[in-house]
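In what follows, subunit A forms one complex with subunit B and a second complex with subunit C.
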Partner chain A sequence: MIALGLEGSANKLGVGIISHPSPSKPPLILANLRHTYNSPPGEGFLPKDTAKHHRAWVVRLVKQAIRQAGVKVEDISCICYTKGPGMGAPLQSVAIAARTLALLWGKELIGVNHCIGHIEMGRAITHAPNPIVLYVSGGNTQVIAYSHRRYRIFGEALDLAVGNCLDRFARTLMIPNNPAPGYNIEQLAKKGKHLIDLPYAVKGMDASFSGILAAADILAAQISEDLDDAKRLKAEDGELVTKADLCFSLQETVFAMLVEITERAMAHVGSREVLIVGGVGCNERLQEMMALMAKDRGGSVFATDERFCIDNGIMIAHAGLLAYETGIKMPLENSTCTQRYRTDEVFVAWRDQDTASS
Partner chain B sequence: MSTAPPTIGATTPLPLPSPFTHSPLTLLTQGAEALVFRTTLLNAATPVALKYRPPKPYRHPLLDKRLTRARLLAEARVLVKCAREGVQVPEVVAVGVEEGWVALGWVEGGTVRGVLDGYTPSHPPSHPPGEQKDGQREEVLMGLMGRVGRAVGRMHEVGVCHGDLTTSNLMVRRKEGEKAQEHFETGGGHHTAGLEGLDGEIVLIDFGLATQSIQDEDRAVDLYVLERAFAATHPVAEPLFREVLRAYGESYKGAKVVLRRLEDVRMRGRKRSMLG
Partner chain C sequence: MADEFPCKLTLHLPFPTPALADTALRALSVDQELSPLVRRSFTLVAPDTTAESGAKNVLQVSYSATTNRMLRVAVNGFFESVGVVIGVMRELDVDVVDMPGSESLEGAQGLEQVKV
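This part shows the complex of A and B:
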């Protein structure tokens, strides 16, 4: 069966076409296109502008994806779209596009939980059978484990998502948003040498990032080049603290928190595998730290690259098709979208009850 | 202090100071944070629980040192405060701040979790009072639950919140002269099916996530975590936990307010269902 997936919960518009040849074979990716709305440095993306971007691009991307996949409209079984969670206006734009396609072509509609899309795509790409999942992006921070037909949230951010913390710090430093603020922070952090003290806020399996962002913003004001050298923030060795040092310190601190809560969840359920998904999951330093932790526990880490980590249409198509294959249908009048849609609300009919297999 | 590393069962040699290098170490548990050993300190007749926080290779060394130090000191301070105020906790025997270990007085006995696991499923408390032994057992168990409630209440009264209040972190101290040995190594597994060992005092352990707090919210979250732990270990834990709460409510001034706050915390449900 073939599905077309539409994703637009944040500033990426993604269109993907996936084929599930048979239950025993791995899924085939026929097309995976993405167009990103980037706001100018120092600014975040606003819902209305992002929605406008999605509306402007969705037809072009769908046409291009179908051409690239080499499929006919008749071959497509269902149209999958992101039901939530995400920003309201962009979600609505894409939901309207999905409904339009479904009516136009006479296809079934499937609304997909964005987080479930990330998890299922990560599992499909890495072949990690039953990992602890760390889902980290601009809007979500969750430590997840599968049990009894649900992806259960063991730990999560109590305030900001970790990606939001990084994005907003990039704005403070006026780091460009292109290709992504987190990516630019990662590159800068590689040049950082000094670890500057930042708050560390882990509570059980939860983490908090807003205080860290506030503290980092205060430090950023103290390294401004407009200040006298005497007044500027210095490291312990007397050198001036740089933007790179702050990016480095922020990454080291927040990633240590993420790895710690993941490790706690692994100890709690006795798992040895970790899968990292979501946009922040592209960060190689995070992957490296996670691998060191997993190695210590005799396990391993699974991660994907930017094609699947960053929001994309293929994951929505994949997760939607998994649900569609179990017989789930969504009547047109139920094809809504919602800004709040928790991972553990979804009944995972396509996986075994038993934690151990598939 | 010299730091000759002894090799124990674990793969990494531990930088433990001299009192521990020549004593036998038995690994009891390995959590995400720390390893807990049974060993002796100074002489072979003084058993201690040694809690060691090994360095985490993924963390920046500076950050690692800072965190380990802060957490270790916080834990030791909370334990000392509890002991001073008469809350039953393991005593702090010695601390190696730089090396990341704390030696705690050995508590002989099993965990409340072990008691609950051993108690089910043949004798649920809701069972109609059949044999006299059942009734007697229930009475003893209710007594134990009352002591749990009062122990938690006392801890809260002195301004400490546990942060990870599960049934595994509540121990029943075995009275002296009661048949000892045999099950300390299991950390108090599934032994206490009978009545023996149920009348000891409650000792609270593992203050790794504890905070000094007198806020109703923190206290209520402690109770909520304990409630979830009861529900997870024991299918018919509800009447047992009711007794815990009843005793808690009478244990100190302000406890009733916390119980009301617990209702709010339950309603919020911490949003998730992570057990099961």
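This part shows the complex of A and C:
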């Protein structure tokens, strides 16, 4: 079976076409297109402008995807779109296109949970057996484990997502948003030398990032070049603290927190594998820190590359097709979008009841 | 009793066929109005409303709102959605989807050779 997937919950518009040739064979990616809306440095992306971007790009990306995949409309089984969670206006702008396509082509329309899309794509690409999933992006931060036909949330961010913390700090430092603020922070952090004290806010199985962001913003003001050298923040060895040092310190702090809450879930569930999904999962330092922890526990880390960890349409097509193959149908009247959509709201009919098997 | 929604606007969107008008109606009517200060209803009508017969290929949308500002915001948003519906119909319907597109793909990731 073949599915078309449309993703637009944040600033990336993704269109993917996936094929499930048979239950025993791996899925085939026929097209995976994406266009990102970047705001100028110092600004975040707003819902209205993001929706405008998605409306401008959805038609041409779907057309290009169909032509690249070389599929015919009659070969397609269903149209999948992101039902949520995410930003309202961008979600709706993509859902409108999905509904129209489903009606014109006479196909079933499947609404997909964005988080489930990330998880299922991560499982398909890495073949991780039954890992703890760390889902980290600009909009979400959750520690997830599969149990009895639901992806259960074991821990999460209490206030804002870790990627949101990083993105907003990038705005404070006026770091460019192209290709992504988090990517630019990661590159700058590699040049950082001094670890500056920041609050560390793990609360049991959960984590909190807003206080750390506030503390980081205060530090950023203290390294401003407008200040005299005498007033600027210095490290223990007397050197002036740089933007790179702050990026490095922020990453080390928040990533250590993520490693801790992931490890706590691993101990709770008795799992040794970690699958990292979501845009922040592209960060190589996070992967490295997680791998050190997993190795200590006799396990390993699974991660995908930027084609799949950053928001994309193929994960929506994949997760939607998995649901469609179990016989799920959704009437068009219910093809709404919702900003709040918990990962454990979805009944994972396509996996076995038993935790250990697929 | 005073009308609580005095600011009204009726739109007529003609489509090439009744089927396309119905598709537009079904796609656009799923989303509820965001504000309780705006009400909206859809129906299909014939182009010449005085005639008894006639293909119902016109989507009639009736808005009423508490203020002109709410009306304007709602209708502008609606037109943006209509733009997407029409774009999909024009470029992606079954008879035209395989044809090359006219819009630039600059900056898109995942571009490969087309197979068509």
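As a working rule, the second predicted complex is superposed on the first by the 358 of 358 C-alpha atoms of A that agree within 3 Å, B and C clash if a C-alpha of one lies under 4 Å from a C-alpha of the other, contacts with A are read in each partner's own complex, and residues count from 1 in each chain.
We take it that contacts are C-beta pairs under 8 Å (C-beta built on N, C-alpha and C of every residue); 3 or more make two chains touch, one makes a residue touch a chain.
Keep in mind that this is a model prediction, so the values were computed, not measured.
Chemist: Touching A:171 in the superposition: subunit B (first), subunit C (second), both, neither?
Modeler: So A:171 meets neither subunit B nor subunit C here.
Chemist: Touch check for A:342: first (subunit B), second (subunit C), both, or neither?
Modeler: After superposition on chain A, A:342 lies in contact with subunit B alone.
Chemist: In the overlaid three-chain picture, which partner chain does A:59 touch, first (subunit B) or second (subunit C), both, or neither?
Modeler: Second partner only, subunit C.
Chemist: Considering only touches as defined above, state whether A:259 meets subunit B (first), subunit C (second), both or neither.
Modeler: Only subunit B is touched by A:259; subunit C is not.
Chemist: Look at A:92 in the shared chain and tell me whether it touches subunit B only, subunit C only, both, or neither; answer first, second, both or neither.
Modeler: After superposition on chain A, A:92 lies in contact with subunit C alone.
Chemist: Please indicate which partner A:32 is in contact with in the superposed arrangement: first for subunit B, second for subunit C, both, or neither.
Modeler: The second partner, subunit C, only.
Chemist: Tell me which partner A:307 touches in the superposition: subunit B (first), subunit C (second), both or neither.
Modeler: The second partner, subunit C, only.
Chemist: Hey, is it subunit B or subunit C that touches more of subunit A?
Modeler: Touching more of subunit A: C.
Chemist: Could you look at A:289 and tell me whether it touches subunit B, subunit C, both or neither (first, second, both, neither)?
Modeler: first
Chemist: If you look only at subunit A, which of its residues touch subunit C in the complex?
Modeler: Listed in rising order, the residues are 31-36, 51-52, 55, 57-64, 66-70, 73, 92-93, 95-97, 99-101, 103-105, 307, 332-337.
Chemist: Taking the complex as given, what residues does subunit C use to touch subunit A?
Modeler: Subunit C reaches subunit A through residues 23-24, 26-28, 30-32, 80-81, 83-85, 87-89, 91-94, 97-98, 100-101, 103-105, 107-116.
Chemist: Within their complex, state which residues of subunit B touch subunit A.
Modeler: Answer in residue numbers: 30-33, 56-60, 62-63, 66-67, 163-164, 209, 271-274, 276.
Chemist: Inside the complex, what are the residues of subunit A that reach subunit B?
Modeler: Interface residues on subunit A, with respect to subunit B: 145, 147-148, 150, 152-154, 156, 195, 197, 200, 203-204, 252-253, 256, 259-260, 263-264, 266-268, 288-290, 292-293, 296, 342, 344.
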